[in-house]
Structures are given as C-alpha cells and as structure tokens.
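Written out below as structure tokens is the structure these notes cover.
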Amino acid sequence: MIGYVMDLLLSHGALDVFTQAIGMKKSRPAVLITVICPCDRLEICEDILFRETTTLGIRRRLQERRIIPREIFSIETKLGTARVKIADRNKFKTIQPEYEDCVQLAKIHQLPLSEVQAIVLQIAQSILQD
Amino acid sequence: MIGYVMDLLLSHGALDVFTQAIGMKKSRPAVLITVICPCDRLEICEDILFRETTTLGIRRRLQERRIIPREIFSIETKLGTARVKIADRNKFKTIQPEYEDCVQLAKIHQLPLSEVQAIVLQIAQSILQD
Amino acid sequence: MIGYVMDLLLSHGALDVFTQAIGMKKSRPAVLITVICPCDRLEICEDILFRETTTLGIRRRLQERRIIPREIFSIETKLGTARVKIADRNKFKTIQPEYEDCVQLAKIHQLPLSEVQAIVLQIAQSILQD
Amino acid sequence: MIGYVMDLLLSHGALDVFTQAIGMKKSRPAVLITVICPCDRLEICEDILFRETTTLGIRRRLQERRIIPREIFSIETKLGTARVKIADRNKFKTIQPEYEDCVQLAKIHQLPLSEVQAIVLQIAQSILQD
Amino acid sequence: MIGYVMDLLLSHGALDVFTQAIGMKKSRPAVLITVICPCDRLEICEDILFRETTTLGIRRRLQERRIIPREIFSIETKLGTARVKIADRNKFKTIQPEYEDCVQLAKIHQLPLSEVQAIVLQIAQSILQD
Amino acid sequence: MIGYVMDLLLSHGALDVFTQAIGMKKSRPAVLITVICPCDRLEICEDILFRETTTLGIRRRLQERRIIPREIFSIETKLGTARVKIADRNKFKTIQPEYEDCVQLAKIHQLPLSEVQAIVLQIAQSILQD
C-alpha cells in the first residue's frame, strides 16, 4: 500500500515523501511516512493519508527549508539527449544527470547505467567550464 | 532495556512511543526513542528517559496533531466478544478489530489470527451498514 | 501481527526469532522474519508462518551454530532473589542478570532498572570470585 | 540506482529482490541487495550486479525453499474485473487481491485502495465458500 | 562519503550527528542526516552539507533541548588512567567510562573492552560513594 | 562497542564486517553483526565476538563468493598522488578513487570531497583509455 500512497501524495503536490522503519510497542515493526508539502497542499495530503492508510493521527509542523538554486538543461550526447540538473552551491556548482533520461539511454544502448551517467556528466562538465 | 522503557512511558501517560535505528559517529549503531505525550506528562516522561536510559540530552518540541474521531464498540461473534475501533475518516468509516481481543479468541479457538480478524471485521461491517 | 507470530514461534520451540526491515520492489517496505529452530521443530514453525502471515514462500537452510556453555544461578540480594546467567567465554566468564527478574525488582522497589542490574551484577561478581 | 537494478533483475528472471540498510566500517551506511533466482538465472543476475553496482564481490548459496500452491483467478465485481491469488495453506485457504488490479480500480472509481481490496476480497470469499 | 561528512560536521561545531536509513519513491534507499548544532554553527554546517553531499534542500528548526549536568573526572586504575563522565540525574548519579580511554587500556593490556569498562566503573563507583 | 569490535575483526583478518538493525522479542532493538572471513581466521573472529560482545551463540556457514579481479594503481594529479582501484567487470572496467587518499587531498586543498574524487577519476579515465 505504501508505494501507492507515495505516488498519490507526489501527484497531489507533495514535494517529498519518505518512509522509515520504526519499532512500536509489543514488538510491532511499523512504517513512519514523512510528507513535505506546501501549506496549500496540507489538507489534501492529510486526507490521502487518512483515506489510504490505517493511521489514526498525523503530526504536522511548519518547517523552514533552505534550498539551493538549481536549473535543468538539455544536452546532446552521442547516445541521445539527456537533461542535467545544475545546482549552485555557493562557491561552486554540481551537476546531476537526470535519472529517468539516463535509464532510457541505458536501455536503448544496452549500456550500464553508471556508464551512461558518466558520459552525460562529462559533456555537461565541459559545457559548464566554457 | 528499551521494551521496559516503552512500557513504563506508556503506563505513565505517553500517547505513543516508537524507536528508530540510527547510525552515530565511529560506526556506532544506536536507538532513537520518540515519545509523544500531553504537556502535563512531559516532565514524568523526561524523568523516566533520564532515569532508565544512558541519554544525556532530550530534544523536545510542541507538536500539532490532527486526529480523527474514533469510537470503540463491543460486538458479539460466534467465537466470542471482541471490541472494534471505528474511525470516522471524513466521507467514510474504517473498522479495526482490537488486536488483544483477536489474539485471545485465536488462542481459545486455535485459529489463525487473520481468520479471527476477518470474522470480527465481517460482523462489524454488517452492523455498520444497518 | 508480528509480535503475535514471534510469541507463537517461541512457545512452539523456536530458539530465536528476529525481524528486519527490508525494501521490496515498487517502494514497498516489508519485514523479513528469521527463525532459528531445532530440526524437529521445523515443520511446526513453517506451519505457523504459513498460517499466520501472508508469505507465499519460506527459505530454509541447515545452520551450524557455535554456542558457549552457560549456567543460570539464583542469588540473594538486598532487593530480593534474582537469577543470573553465567557464560564461560573460554578464558574468562561473563555474568548477565536475568532481565525479567530485574524488571520485577525495579517495579517493587521503584528503582531504575540499570541500578537493579548493577546491584545484582555486583553480588554475582563477588560470589564468582570466591 | 537501486530501483533500476531491482527492475532489471526481476525482468531477467529473478524470483525476488530485496534491500536492507546495513552499517559498514567508518560509519558508512550501505545497502545490501539480496536476489533469489533459479540456478539458470544465476549468471545473468550476477552480471547485472557487477555491471550496474559498485560491488566487488557477490556471495551466493544454494537455497532450499518451501512454497505453497497458489492459483490466480479473475473475478467480476461491481467495480470491474480483478484477479485474486488463492493460496492453499494446508488446512485452509487465503485470498489476496492482486495489487495492480486494485490500484487500477481505485483510480477509475476514485475510491480508497483498501475499500477496493475489501470489495474484491468479499466477492472472492463468497465464491470460494460455494 | 557519510563518515567523512559526519567527522567534518563534528569538527566544525556540530553537537551531534546521526544517520537514518529511509526509503524514497521508486524503491530508492537513501540516508537522512540529522545535525544538531548551536545557532552560530548553523551556517557552516549547512554549507558543509551542501558542499559535501548531493542534497538540494535542508530542513531546519529551532529545537529546545533539556540536558543534564555532567562532569568529567580522571581516575587511576590498576590498568592506567581513565576518564569517567558523571551525570546528575536528579535523585541519583550515573557513571560512564570514557570510550576512547577504555579502548586504549584494552589494547595495551589485551583485555576485553567490557572488562576494562567494568574495572573503571567499579573504581569510579567506590570513589563516588565516599 | 560495535565500532571497536568491527575494527578489531578487520585487523585480525576479517574480509568484511557489517551490521544490521534487527528487532527481537519484547520490543528489543538489537544489532546483528555479519563477519566474512577466510577459514583460517574463523576461530580468532569467533573468539573476538565471544570476548567483546554479549552474544551467547554465533551462526556460521561456508559461503561461496564470486569476486572480480581488481588492481590498485597510484596516479598523479594536480592535487597530489592518489590511488585508484580498477575492477575488471567482464566487458568493461570501472574505476574507484581510494577513499582515504581523496579525504587527505580534500583536507589539504580545502575542496569538497566529491570534487577531489571527480578530478582523480577524470585522470584515471584518460590514462585507462590510452
């Protein structure tokens, strides 16, 4: 049920969803779901949790977040087009090839995913340095 | 020691207690205990943690909670009496057979716990629909 | 359900039972139950797992175990009687106060569990050294 | 990368794949991947792990498994068609509605997943009892 | 990378750092890092996280903490000098031998760590009682 | 104690050591330690576990392992010397910069660890392609 609930929350505006294994009384293992969402998505996200899980209570709090500016670019590689996410980390930048695009190219070209990611990264780095 | 501390906290007014496996510096696995309690139970719960564990510090915060209205009913089944918890989830209701009661009936009748829960649930559902 | 199954397995001859949080496909968190039992308890333990959980398959193997000789003694303390487990670890011995007994004494005397354990341990150590 | 590797293994004949969080030396959290596969799928599964992950070694063993007979049926409900898996657990049978089908019906009818599962289960139970 | 980041944070003023295994969407296991630091260390700690990890966002909050008074003493044992941490837990005190010192003595004297800790503890207890 | 035991095992010939959080009966969280070692190191590793932990039993089995050939090379970079591990994964090779060396260079040059790793990787890749 958890996978379904995570998808539902993300498609209704949750920014991030993650799960943690917790231990409850009487040796019961359980799963704690954490949802991060904008204020105007709070009600719909809580409604989904109450509708789709067996929880009887949800704890909420206002949370301050510091995020770093990031941009998404499309670049051309010998394997095809892939997007990269460039994050501005104060004094330097980091580049992350988009997971979905690399999976696509890995399947088409029958290459290891890590090799595809390395190829995309290398081209993005050389463009960034110019 | 954890099981003992959890029982102690719950019997002194904690609403919920759960544990999480965490990793600390120098490869040390540790256990994080989270206690949810009403404000007037804060001091006794903190005292228990300081008395029964080796912790040197407790982090606390005021936490807003949204809970849904629930009621507990006793129903009669062919196996005996069992309580069910009925939660009002806005547009529909859910029914959860009480764990302790089902365990009792499963032991008496030598039945799988899940079968006992299904029997209790079925009767509760038919009553709810009337 | 897990707590109930663990109790059931232990009361039917399992030597040890423990659970682990695992991640399955499609983001589904799950619980892996490991049961250690003598060969003549294999069938009853597997039957319990098939009867009480939703599992469709159980993996089994013959497992060699090295255990160390241990003995249980009852000792008298100023708080009352408590059992201790003495394990012979080749060149030295270790002493573990029995959890259940210490919990009992802690409740009766309203003392921290760790203090009760320390008192029991100290007496057991002085007896062992004689 | 893990989600991708899990999908790849399952589509190449692995019977089951799951992950566990482990702690390694120097406080490094890591992920242990366990793959269960038929003997003739061993090589391809190992090749995928060596190709797609950074692991330098794979531990393998022959594993005996006891599985229970199960059958899949299609049943008609007021919400549409859904498959159910019926497992023969020695003295009784259990029914599990197929996850994918219930998700489909839940989306079409805008119902909680658990309600769809309950509806499918109820019809399957009444058919099974005939 | 995690072990390195933990060390870096602690050496730049973080009071405590710990990690938790979490599950993200698409079956991705991940690691959540929690850092507790004084307000004037917030910026440097966030900078380290943005510089050394691939995170794109950090959640922060002001956290109230209740800590108990503790003191560190050096004591002499037959194995050498070791420090102990004495914590004042309202109505009683607890003693924790310093991990680093005990490891040192265990290595020098080729003794089990737990035995060294027991020896240090025993002397500290007898001093405390005077 | 776990960090100490892991170090001790590795320095006495264990090939790999890792820990897992497990749940035991009565809500007790515990840690499972797995040690992989050559046959002639079995006894010393078991002795360490019995001496340094409170375990009363160790499960052991002969384990087949498939490892891939790997070599370690020293390469020169603009930041200084660093070793890289080159693994021969059947149809292609992967390169992993040695963690310890990169940490050293990151500290000396006050650079993010990931940047140091990228620099080392890039030079190793260009050498490998020649």
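Before moving on, here are some points about what is shown:
Labels for the chains are A, B, C, D, E and F, by order of writing; each one numbers its residues from 1.
What we mean here is this: contacts are C-beta pairs under 8 Å (C-beta built on N, C-alpha and C of every residue); 3 or more make two chains touch, one makes a residue touch a chain.
Note that the coordinates shown come from a computational prediction; the quantities given were computed from them, not determined experimentally.
Listed by label, the chains that touch chain E and also chain F are A, B, C, D.
Summarising the inter-chain layout, the chain whose CA centre lies farthest from the centre of chain D is E.
The greatest centre-to-centre gap from chain B, using C-alpha centroids, is found for F.
Relative orientation of chain B with respect to chain C corresponds to a rotation of 180°, obtained by superposing CA atoms and rounded to a multiple of 5. For C-F, the equivalent interface among the listed pairs B-D, E-F or C-D is C-D, as over half of the contact pairs agree by residue number.
Interface residue usage between chain C and chain D, two copies of one sequence, is largely distinct: under half of the residue numbers at the contact are used by both copies.
Our note on geometry: chain A versus chain D, Cα centroid distance of 23 Å, whole angstroms. Centroid to centroid, with C-alpha atoms defining each point, chain B and chain E lie 31 Å apart.
Distance between chain centres (mean CA atoms), chain C to chain E: 28 Å.
Touching of two or more other chains is recorded for residues 6, 19-21, 23-27, 29, 51, 54, 61, 92, 94, 112, 114 of chain C. A complete topology is adopted by the chain contact network, contact being made between every pair of chains. Within the complex formed with chain B, the residues of chain A that make contact are 20-25, 30, 32, 46-47, 50-51, 54, 56-61. Residues 2-3, 6, 19, 21, 26-29, 31 of chain A are the ones touching chain C in the complex. The residues of chain F lying in touch with chain D in their complex are 2, 6-7, 10, 17-21, 36, 61, 63-68, 70, 85, 87, 89-90, 92, 94, 96.
Residues 1, 4, 51-52, 54, 99, 103, 106, 112-114 of chain E are the ones touching chain F in the complex. Within the complex, the chain F residues that touch chain A are 21, 23-27, 29, 92, 94, 112, 114-115, 125.
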